[in-house]
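Two complexes are shown next, each including subunit A; its partner changes from subunit B in the first to subunit C in the second.
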Partner chain A sequence: MSENLPAGAPAAGLPGVPSRDAGEAGVPPVRRGGAVRRLLRNPLGALSAAVLLLLVAAAVLAPLLAPQDPAASSLGDAFAGPGGAHPLGTDSAGRDILSRLLHGGRNTLGGALIALGIALVLGVPSGLYAGYRGGRFDAAANWVVDLVMALPAMVVLLASRAILGPDVRALMTVLGVLAAPSFFRLVRGIVAGVRTELYVDAAKVSGLSDARIVARHVLIVVRGPVIIQVALVAGIAIGLQAGLEFLGIGSGSAPTWGAMLNEAFQNIQRAPLLMLWPGLALGLTNAALVLLAGALRDGLEDRAGQAPAPRRAARRHGGTVPAVTIAACGDPADRAGLLSVRGLTVAYPRPDGGGREVVRGVDLDVRAGEIVGLVGESGSGKTQTAFAVLGILPEGGRVTGGSITVKGREVVGLPERARRGLRGGTVAYVPQEPMSNLDPAFTIGSQLTEPLRHVLGLSRREAARRAVDLLRLVEIPRPEQVMRLYPHEISGGMAQRVLIAGAMSCDPELLIADEPTTALDVRVQAEILDLLRRLQKDRGLGVLLVTHDLGVVADLCDRVAVMNTGRIVEAGTTERVLRSPEDAYTRTLLGAVLDQAPARSPWQPPKARSATA
Partner chain B sequence: MTVTDAEAPADALLRVRDLRVSFPGKGRRAPRTEVLKGVCLDIRPGETLGLVGESGSGKTTLGRAVLGLAPVDSGTITFAGERIDQAGRARRRELSRDLQVVFQDPYTSLNPSLTIGDTLAEPLFGHGVSAREARARVGDLLDRVHLPADAAARLPREFSGGQRQRVAIARALALRPRLVICDEPVSALDLTTRRTVLDLLLEIQEETGVAYLFVTHDLSVVRFMSHRVAVIHHGEIVETGDAGTVTTEPRHDYTRALLLAAPVADVAEQRRRRRAARASAGR
Partner chain C sequence: MLNFIARRIAAGALLLVVISFLSYLLLSVPGTDVGRQLLGQGADQAAVDAKNASLGLDRPVLAQYADWLARAVRGDLGTSWFTSEDVGTAVAGRLPVTASLMLGVTLVTTVVSFLLGVWAGVRRGAVDRVVQVLGVVGYALPGFLVTLVLVLVFAVRLNWFPAIGYTPFTESPGGWLSTITLPVLSLSVASVAGVCQQVRGAVIDVLRQDYVRTLRARGLPASRIVFRHVLRNASAPALSVLGMQFVGLLGGAVLVEQIFGLPGIGSMTVTYTARGDIPVIMALVMLTVVGVVLINLLVDIMIGWLNPKARAA
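After this line comes the complex of A and B, so read on.
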């Protein structure tokens, strides 16, 4: 594990390595240690780190800093106030408080360190092993951990003090054992998740040993949460230790903050100020640890936030901003009766204040009883166009220009309530991933009837009857039984039929389907396409079909619009566009289709091949 | 359908015989789910065998079993004359020199916190290549998959899906393997990107003579990529043959149904297929 690949800068200095090697030019994008920098940029994080550092330094340097021996007492100076040789005064035995505070910090923090060290040594490796390998060790370890977690910590500590004697280190060792399960569980859970990642499989296939895979791929993921847990457990250890000492069952002789508190409490009438110093030290340390843990978590989460946004952003019902310039769109007679889009632009805010346009001046028409395909590759803006029509652009996105009319009514700038009414009634939506759009906790029946009762105000029985009719409409056999099933009990194709049934529940006139068959097998896809075709024929439904698959377009669509980088580059009847495309991009797209590509010729032995070549 | 040893090539690089794989059922007493039910196939050096099937057919499991990532119940997997179905960890590590993989999802198959250079050097370190040589090899690999040399210092999130898949291909090639399992390598990619990645795989095969087990659900892709095609359905191979034959004159009903269900980008032709599919389904 010693020779980690020096990525970027460190490699440039190696003798014999050409200077342009190792990508000096491209160094900046590597952001290791970024979490530390973010932590220090957070004022609370920087402050708590500084306070902790100061406390630790004071404790470590106690023998040098303390004005005298913490045990040296002079009864004549008992309860002396601050000043002179004793900056913080003396306690009931005339011992110097500052010296005791510094040495006490040494014992208190040292004790916490012992507990932490033991917890880490026991918890992390066993968690790594159990999570990565699973099996019998995992089962046994879990059993032990459950047992340890079931023990009341305070009682165990008291009992072990009675057996092991008044020694802080022994007590802290026991505490470390008691705290180890929290690390074990944390690490095991994370590792079990990472183990199934494809990049771990890839590393296995690359021939890396398990130790190496853990070091390279697993530790990096575990690191952050463990650091946060360390801060929390340290706080708990210090608190517990102080608690024990305060009750007078710690180590009798050595100065600790808890023992100082105990002693101060006994003299609280005579010298209340004695409480202040150890209390302050304990409070400061614990507050700093908790704040540091919080700042660390924020720092690490911030890092996650920098990762690329999920490919399919969460759909939030972001209302469109009314400040829209509605373009003058020529003769309204040109526009389709059902859905008509003119000059639509959609933009997302950029960090620098500007806007990134993802849809730029799109014109689109869907007439009643017509299926229109909107084709493009990822990032072309086809889904954004559909979302804009539905009024469900993800957070931040807004329509910045153009006009959308549904049955002649302008919907851009419409208040959210009216928009919702439109979505429930005239316009319906079929999403791409059927499974993730059904709630696994409810039956199909309850998911279908709920909106019927809510939107149409049907009674429970009427809604159930209507739902069965809908399932029959989408050709689901034995609909009464399917009503009682949960989403995980049905196939993907069936789930998509259920979603189409849901979309049909309010008798819409326009159906917007976003890649409705992309997640399905081809035979199921053919069935769903047949279903959509039948619905369109029987009910005169207009369909806007968003897809990347030109085969699906050829199968289903009357007309097609091809989108590239936010614009419609070509539109026309499906037959014309697929047969004689006019735009260069459409031609590229059709050229990439492999339908007409010749099958690969049969294999020939290498020798014969080189002879013919 | 089984492959008899008489019709099997004698010079196979990979030979799978009567392979059975099952996974534990849900619940304690549930019966095990059989995913592969006696699969046989052969791949010769430099050959591409396309493995086509729908989701749940066992096609991915077959690839994972060959790689040692799925447990083998019975049957044999022979690679270059050596039984590898029960190979231990140490032997598996050595085998990784010859046997590699490209996964479907280029978003999760690269560790997001390692630079592209680190990811590519990973298999090299596993086989004792020095850091300096590894760096030079990483440059070569990036060049081979047509990525810029400065890509080594960057993180996966700075690349598109197609570029990431090129990185995954480069990683698979790092040890100059003799067989690469390609598990739906282009399914997550856009149409135009898909074509360039397929062309890259073909180009690499021409240059290095590597063999591919090309797992996919897409018949048009498999037809374009493979010398031979095997169709898998419910854990059994129902048909094998030359790509041209299987994709134009399929013998098995399932293959025919699969073929007719895949829509083509031509309105008249697609209408004809739809009728044919309906006719054959109504039979």
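After this line comes the complex of A and C, so read on.
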């Protein structure tokens, strides 16, 4: 790929390459000892490192290893096969291929080293400074970098050769300048990301000088990605240099892999095997460099991946909660007509091959016309339960046990097509984050009409009229105008109304609302809750309301189930559970509400609240 | 939108002037006696001086550049010092070859990398691993090495395509196709490898977005979600990589045209830079920069069309 990648381009999209975006997002710090150890544990990484070491050693020791002078030719021996005095045979001028290969490696790798050194010296310090200081230098440097990156490396190298003459070292210096932007961008992006981190602020506040902050906090973050980039730029430099030599524009008579390939190409009809050895050397070197970069990146990512636990995942061995059977919710003989869940288990695969259960034996019922609250702290498994009911568990997650019936029909194990038939029309979903749940690339109108047309099969005009009605239903003013807006042009509260409208679009019977008000501010929360209550009343919807907010539960729900570490620990009427909780965890939850919000009095039934308010 | 395009074209024009100035300055380093090179070592000094004067080389570099710029703006790129051809005509004659090459590579890259990338991103598993390995191989191998192997296998051994030469489309469409196939394939390997990875990554990213889950919850078929919502959202990052690939492709074309003996811009670059023919080199540099600026503009317009948020910014 070498000459196909502009020397300055961030190697985006390559396996094992931190793209510019990744750099700007900030890459976690690496400790080098750990990185080397992890690299050696990765077989591909260890192999590539070994191959590279071998190649470098062969190049360094070329004068000792080479059986002959690489330039010594004897025309009588031209195109000799392998064997005897020439282990790999001879080329068209009767020169020993092995000797030329070894010396060629010396010239090829040496040239790449020059380019790499120049690129590092130019790119890293300027990137550090621009990223850390920003301002005018940053702006100017970015302009220069954009300019250099707009130039095709090969054309510039050819032009430089016209000026500087056939001197490989000079050309490699030019290549170094051309490659410097890739280091500048990488380093600048990471540093600019780190600069605003709290620990850098803390270091500043505690009086550390900029130089010390850069040395102690910033360099550590930059080191890993730069090492990876070194491997990639080395590959690019080797490829470009070989390309120049192949064109016959380079050092002239000195043996290089590119020149050897050129010579082989001249004789491609007569001795195609000549291409094998220099081609192999070049391919092997570059493959090893790219794989090494990939292994290094995987090492970095492993480390980053270990830190945060997956969101909303229950602890692996969750506590001592006993499996309780709940009379109000769980009598197997008396399953609710609309939604009934029995013994539901959801698991995610663990790297060791086992499964991690995030929902364990959940029983739940929702009848037509009632609102059931599913309460618990984040990570208790309540959202996973909701996803399991909808059949939209994230990658890897699956229902490993239990039964879910929707309108009396078992849906666990149902093929995806049949399952899809239930979504939208029977079971609908209102998500938590209004903004991230609307596709940014489509207008509100197009997102609302899409299910109407493709699930209900309405015509375009009918769907548009229906969508406007839906927007009116969720109390959005001037619906015709809103239809033409994109998600980024409306407020969070309005986006949540649009999502509710979307959920209502195919006339569902069961609405699953996952924390529908959490991301909104308090006034909008109240409006959205009122809207949900009204829709539920008007249409006789059954609602499963997933929330951590006991205030919302008290406001809306007929019944409530409390979840902790993947299990239902208590369930019953809202009044009973909130007034006289039986489970210790429920009491803790209630206690937390009281601590946080002293203004809210202990729970009162909705009717009584107006009297006490 | 028009405002945006106008601003970008203005920035591009500025870039052209800056690069042309720097190039002219660098190319006109003292020490190369062009007149002597042209007339040979045997020529007497008076003739050499006259030659230099007729080329305007006796004047200060800045004056030479100003003169070049004034004419270039009017569309006159001068004449070659060595062949006396009109530079504009010479470049225009070779442009279709390189344009066919670029167009072919862009087409192949877009189609193949979107197919493979979406497939790998949606299906994961074995398909994904194959695509990943292909990505590493395609990235690691220098393009001209891939080209040499393709020539060896398909031209020398199997004799399916000619190893060398070019037939213009206007002369024989079939001949054009057979002469252009191997060069396009050679250049496509690396760019497919790069763009495909980007498409795959973007598809996986978009599939994890909340709105995809919500669309599934609405009961939309998976195929519709993938081909309408995922593809559109994943296209923007893929397109910017495609644009960056283009800069590299121009470099790749130099080698590929040389290997296949295609009379395009790339091989022209090799020939004329080696002689230091400034009017031709300047025209080639300008052509490249214009190409890069236009491609970037096109990519940005397309990204704006795909992503309304970028349009607003």
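By our rule, the second predicted complex is superposed on the first by the 356 of 613 C-alpha atoms of A that agree within 3 Å, B and C clash if a C-alpha of one lies under 4 Å from a C-alpha of the other, contacts with A are read in each partner's own complex, and residues count from 1 in each chain.
Rule of thumb we're sticking to: a contact is a pair of C-beta atoms (placed from the backbone, for glycine too) under 8 Å apart; a residue touches a chain by one contact, two chains touch by 3 or more.
Note that this is a predicted model, so its numbers are computed, not measured.
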Touched partner set for A:T574, first subunit B, second subunit C, both or neither: first
Could you look at A:G355 and tell me whether it touches subunit B, subunit C, both or neither (first, second, both, neither)? neither
Counting only touches as set out at the top, which of subunit B and subunit C does A:G396 meet: first, second, both, neither? neither
Between subunit B (first) and subunit C (second), which does A:L590 come into contact with in this model arrangement: first, second, both, or neither? first
Quick check for you: in the superposed arrangement, does A:S378 touch first (subunit B), second (subunit C), both or neither? first
I'd like to know which partner A:V553 touches here: subunit B for first, subunit C for second, both or neither. first
Per the definitions at the top, what is the overlap between the subunit A residues touching subunit B and those touching subunit C? 3, 5-6, 11, 14, 16, 21
Subunit A touches which residues of subunit C in the complex? 15, 18-19, 23, 26-27, 29, 132, 135-145, 148-149, 151-152, 156-157, 163, 187, 190-191, 193-198, 201, 207-211, 213-222, 224, 229, 232-233, 237, 241, 244-245, 247-252, 254-255, 258-259, 269-270, 273-276, 281, 284-285, 288-289, 292-293, 296, 306-309, 312
Subunit C-touching residues of subunit A, taken from the complex the two chains share: 1-6, 9, 11-16, 21, 147, 149-155, 158-163, 235, 238-240, 242-243, 246-247, 249, 261, 264-265, 268-269, 272, 275, 279, 282-283, 286-287, 289-291, 294, 387, 390, 392, 394-395, 416, 420-425, 428-429, 431, 433, 436-442, 450-451, 454-455, 486, 488-489, 499, 502-503, 505-506
Quick one: in the complex, what on subunit A touches subunit B? 3, 5-8, 11, 14, 16-17, 21-23, 25-27, 29-30, 197-199, 201-210, 212, 216-217, 220-221, 307-308, 311, 377-378, 492, 521-523, 525-526, 529, 548-555, 574-575, 578-579, 588-595, 597-603, 605-606
Under the stated contact criterion, what part of subunit B meets subunit A in this complex? 11, 44-48, 54-55, 67-69, 89, 92-97, 99-101, 103, 105, 107-115, 117-119, 121-123, 125-127, 131-132, 134-136, 139, 149-155, 157-158, 161, 168, 171, 174-175, 190-195, 209, 217, 220-221, 223-228, 242-244, 247-248, 257-258, 261-270, 274, 277
